[in-house]
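In the two complexes below, subunit A is the common chain; its partner is subunit B in one and subunit C in the other.
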Partner chain A sequence: MDKKRRKFLKVAGATALAGISAPAVVKLTSTPALASSGHGAVAEGQGNSDASHKQETPSGVRLGMVFDMRKFYGHPELMDKAINACNKAHNIPQIDSKKSEIKWIWRAPFNNVFPEHSAYHASESTENNDFMAVCNHCDEPPCVRVCPTKATFVLEKSGIVAMDYHRCIGCRFCMMGCPYGARSFNWFDPRPYIKEYNPEFPTRMRGVVEKCNFCGERLAKGLEPACVEALKEVGAITFGDLNDPDSEIAKILRENHTIQRKPALGTKPSVFYIV
Partner chain B sequence: MYNKVTIIPGLIIFVLLVTFPLWFNAFSTASTVPKVELPPGGEKQCVAPAAEMRASHMQMLNEWRDDVLRNGNRTTVTVEGKVYRKGLQMACMECHTNKEKFCDSCHEYASVTPYCWDCHLTPSLAASKKETH
Partner chain C sequence: MIEKVLKGNSRYWMWLAILGAFIAVGAICYIRQFNYGMGLTGMGRDLGWGLYISQFTFLVGVAAGGLMLVLPYYIHNYKVFGRITILGEFLAISAIVMCLLFIMVDIGQPLRALNMILHPTPNSMLFWDMCVLLGYLTLNIICGWVILTSERKQVKPPKWVYIFVYTSLPFAVSIHTVTAMLYCGLPGRHFWLTAITAPRFLASAFAAGPALIALACLIMKRFANFDAGKEAMNKLTTIIMYAALINAFFVCLEFFVGYYSNIPGHKHSLDYLFFGLEHHGHVYNNLVPFMWTSVFLCFGSLALFGYMKIAKVYTDTLMAIGCIAIFIALWLDKGLGFVMGGLAVSPLEEVVEYYPTANEIGITLGIWATGFFVLTMLYKIAVSVEHEVEGH
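Presenting the complex of A and B:
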């Protein structure tokens, strides 16, 4: 009897030890990369697949934009022209408050638009000029991942990150998610702050988040986005299908070195800049 | 019958009181079905027959909304040769230009408060801040 109890306690102890340590052992032995960093799997997947750092792009139409910043240097009025065209087309209110302002397309210094790019010994054009910023319509949009009501989503047909204001509950998770500050919240009824109405487009109401929609309503009519059209004669903004090798935008991307905003985040923006 | 003198007038008064809502409504104008204003431009054709529109315009507007926004399908609707773009401001209000006399008259009667106009512009409101130059 005594012997039996002794044996039982030994076995029970060993089993308990094994049970406690098993998860740790499994974790350590299975994928060593995972144990060291949380994002290891993603980085490894891209790093190992090919050495040229070529990123996988989704197939089908994927609309994008190229800002040729060289044409904006010394011409801030061009930026304002594009911004005003957008404001007019989308009934965007003009609110003089950093907290409450609504912006779909805006201008900001290089450091704010490209915080990941070095501005150490920056060129004069970088130092003295503002840069255009707009919703990047990312391939991997963080705003879409965090939206609890699917009020913001990717339109499969075009790659546009769209908003359905009917569904937005104003939780502002997307504003937290967006690393580009491309989303604005309507803290109050925007109508008193709209200078003139575009009767073809709705306004927004208090309590919804809004952002650039790549002029989906204008594309349906065969028009180009309002900002692109406003600067048509300068040719400073090019809009088109990134996946169509014959499109003007694909040609520009092939021929010029372009940069994107915060590429390290892996959001894969569809907006490019020639600086 | 005992107490005929009190029972019969009492019964008559009781019946009159109980049926009060019925005959009150019969003589009052509070519940007449509102007459909506037909398009001032004289259009006779809509995207669907009047009875269907009256009964289910809200479903159709929701379908249009989902089609345009969520499916990215902004194709037009053609009914008897006339092309309509899918949209409250872009189709409905083109003909029914007076929201107060068209939408509101029925919605008030039915005691419904749709939130369309929180964002969508009525023609009169859109005209109130128009491009002047």
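Presenting the complex of A and C:
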């Protein structure tokens, strides 16, 4: 990773955590068994200077993601690799039931991921391949609008739609509001279902909602999101600042025709697909 | 006045004991759910709301329905409702108690419920719903209690209480409007995304609430020597008929919009509710019998009430049959179909059917029993005061 990019990611992550972690760090470390001791300090150390520096950018950072589906066609194992990386990074329980499952990033047929796109005379590639579904980190997120406790909110400095698992009362209104089915609820204690425990990220308790966080905790350390990193050599997922004209993601969006999920709803998703 | 609930005949105690048994079962079921999590319900990732929220929605309507007695009496000075207006106010209290209990059992972290107040969020309709429900509950407690106390003392109610009475009128409308807004402002939920949701809710509420009050009157006439009067009962049927007709009209409009526009998203839920929805070779139709039962009960009771009006016959039995039919019809329509129908098709267009678990039904029955327990005690007070006044 070149220096500039690495620095950007750190900035983005630090700003992300400057918002979420200030109160969260205390909470996380208060339960040593489940907490990560490292990243909180990193975020606090760098958050202040970098965050204030970045604020000068008039449009602000808005993190986004592009899935180059052409690279996934015929390679479902690539999707699984990204999904597994996410599961591992975030202690996502593996519950073998459609009713109670928890997923942050998953694969589904085109018709499910893009139900409002025509399915008539679909091309072979869209017909025969799964697509990646993930939280869109919308600019106008309905989940944030409906949450009665501000337990889910937009981090102004990065555009990430984040969750406070300690604030959430589990009313599931956000799941009703989300038109992308991106949110999962812990119907029971998820901890016994975590296959491989990662001390770097908190586990959740029953009765709260969770979803993709664009790996805010990894960005703070200068790392890319887990799914992006897992497919680094293929370059199938690009992550970066949509508002920075010099970013790789902005370049890809300029050069390729992309689609978004349910654009008619006015949610302004930050996740794009090259199909 | 509260001492009135402690004196009653054996029927009264038997009834409370039956309700108490249901409450006990519900409490045990809730303890199980509290300890294990919401996984004990039939709800799931794609069907995140179920019986609890649908009962909540229906009961907000029942609470708002009291307006149909309070408004004619206080605004139009319709004296015939003088004896039963208090029943409307007390019904509102017990219905809101049930609503709040249904919300509490529906949230995954009930111990954090105060976060709604500690972190008030005006952009969330749930926050406003809490505000208007608590407001309406308080108003009805004040109005009901003060007016009943005055009646007992044979004096006019103090003037200041009318401020609360008149405030409670728009509040009744607001509780159901805001409850409708929980649903009708969500992008990507086609069945709910319709501006007619709030008026439809109000129409069905103004039929279901009075129907329940009329039933309570019939029961109390039989067992508690309390007669609301034939004229009041007749007027109630008129109100119920108009409200139920308007509700049916709104439902028909939904059908027109869905099938004439031919937009799949608008048709899916109606298909699922009334005809069965085919998806990947499987037909999902577990609510179809309930919805058609609702249709037949609704039009059946309208026909019955119509016959009673035209032929000028009135018997308590016919009245009871009509009220039970319309109440069940509206419960199936709103307390079952509206929420499940809206959720049957997930945002990723998978079809999921909902089957509540025994534990969930136990909790639901327990809360209904709690509501009827509160209602019984409140009505006992109201009726005892009436008897006391008449005895003088």
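One rule holds in what follows: the second predicted complex is superposed on the first by the 217 of 275 C-alpha atoms of A that agree within 3 Å, B and C clash if a C-alpha of one lies under 4 Å from a C-alpha of the other, contacts with A are read in each partner's own complex, and residues count from 1 in each chain.
By our rule, a contact is a pair of C-beta atoms (placed from the backbone, for glycine too) under 8 Å apart; a residue touches a chain by one contact, two chains touch by 3 or more.
Keep in mind the model is a prediction, meaning the values are calculated, not measured.
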Would you sort A:146 into first (subunit B), second (subunit C), both or neither based on which partner it touches? second
For A:132, is the partner it touches subunit B (first), subunit C (second), both, or none of the two (neither)? neither
Of subunit C and subunit B, partner touching more subunit A residues: C
Counting only touches as set out at the top, which of subunit B and subunit C does A:161 meet: first, second, both, neither? neither
Once the shared chain is lined up, is A:173 touching subunit B (first), subunit C (second), both, or neither of them? second
By the touch definition at the top of the document, which applies to A:78: first (subunit B), second (subunit C), both, or neither? neither
Return first, second, both or neither, reflecting whether A:99 touches subunit B, subunit C, both chains, or no partner chain. second
Subunit B and subunit C footprints on subunit A meet at residues none
Within their complex, subunit A touches subunit C through residues 98-102, 108, 111-113, 115, 133, 142, 145-151, 167-173, 175-181, 184-189, 206-209, 262, 265-267
Give the list of subunit B residues in touch with subunit A in this complex. 65, 69-72, 74, 89-90, 115, 118-121, 123, 125-132
Residue numbers of subunit C touching subunit A in their complex, please. 36-39, 41, 43-46, 48-49, 103, 106-110, 112-113, 115-116, 118-119, 121, 123-127, 130, 182, 185-189, 346-350
Show which residues of subunit A lie in contact with subunit B when the two form their complex. 88, 91, 153, 155-158, 160, 162, 164-166, 194-205, 216-217, 220
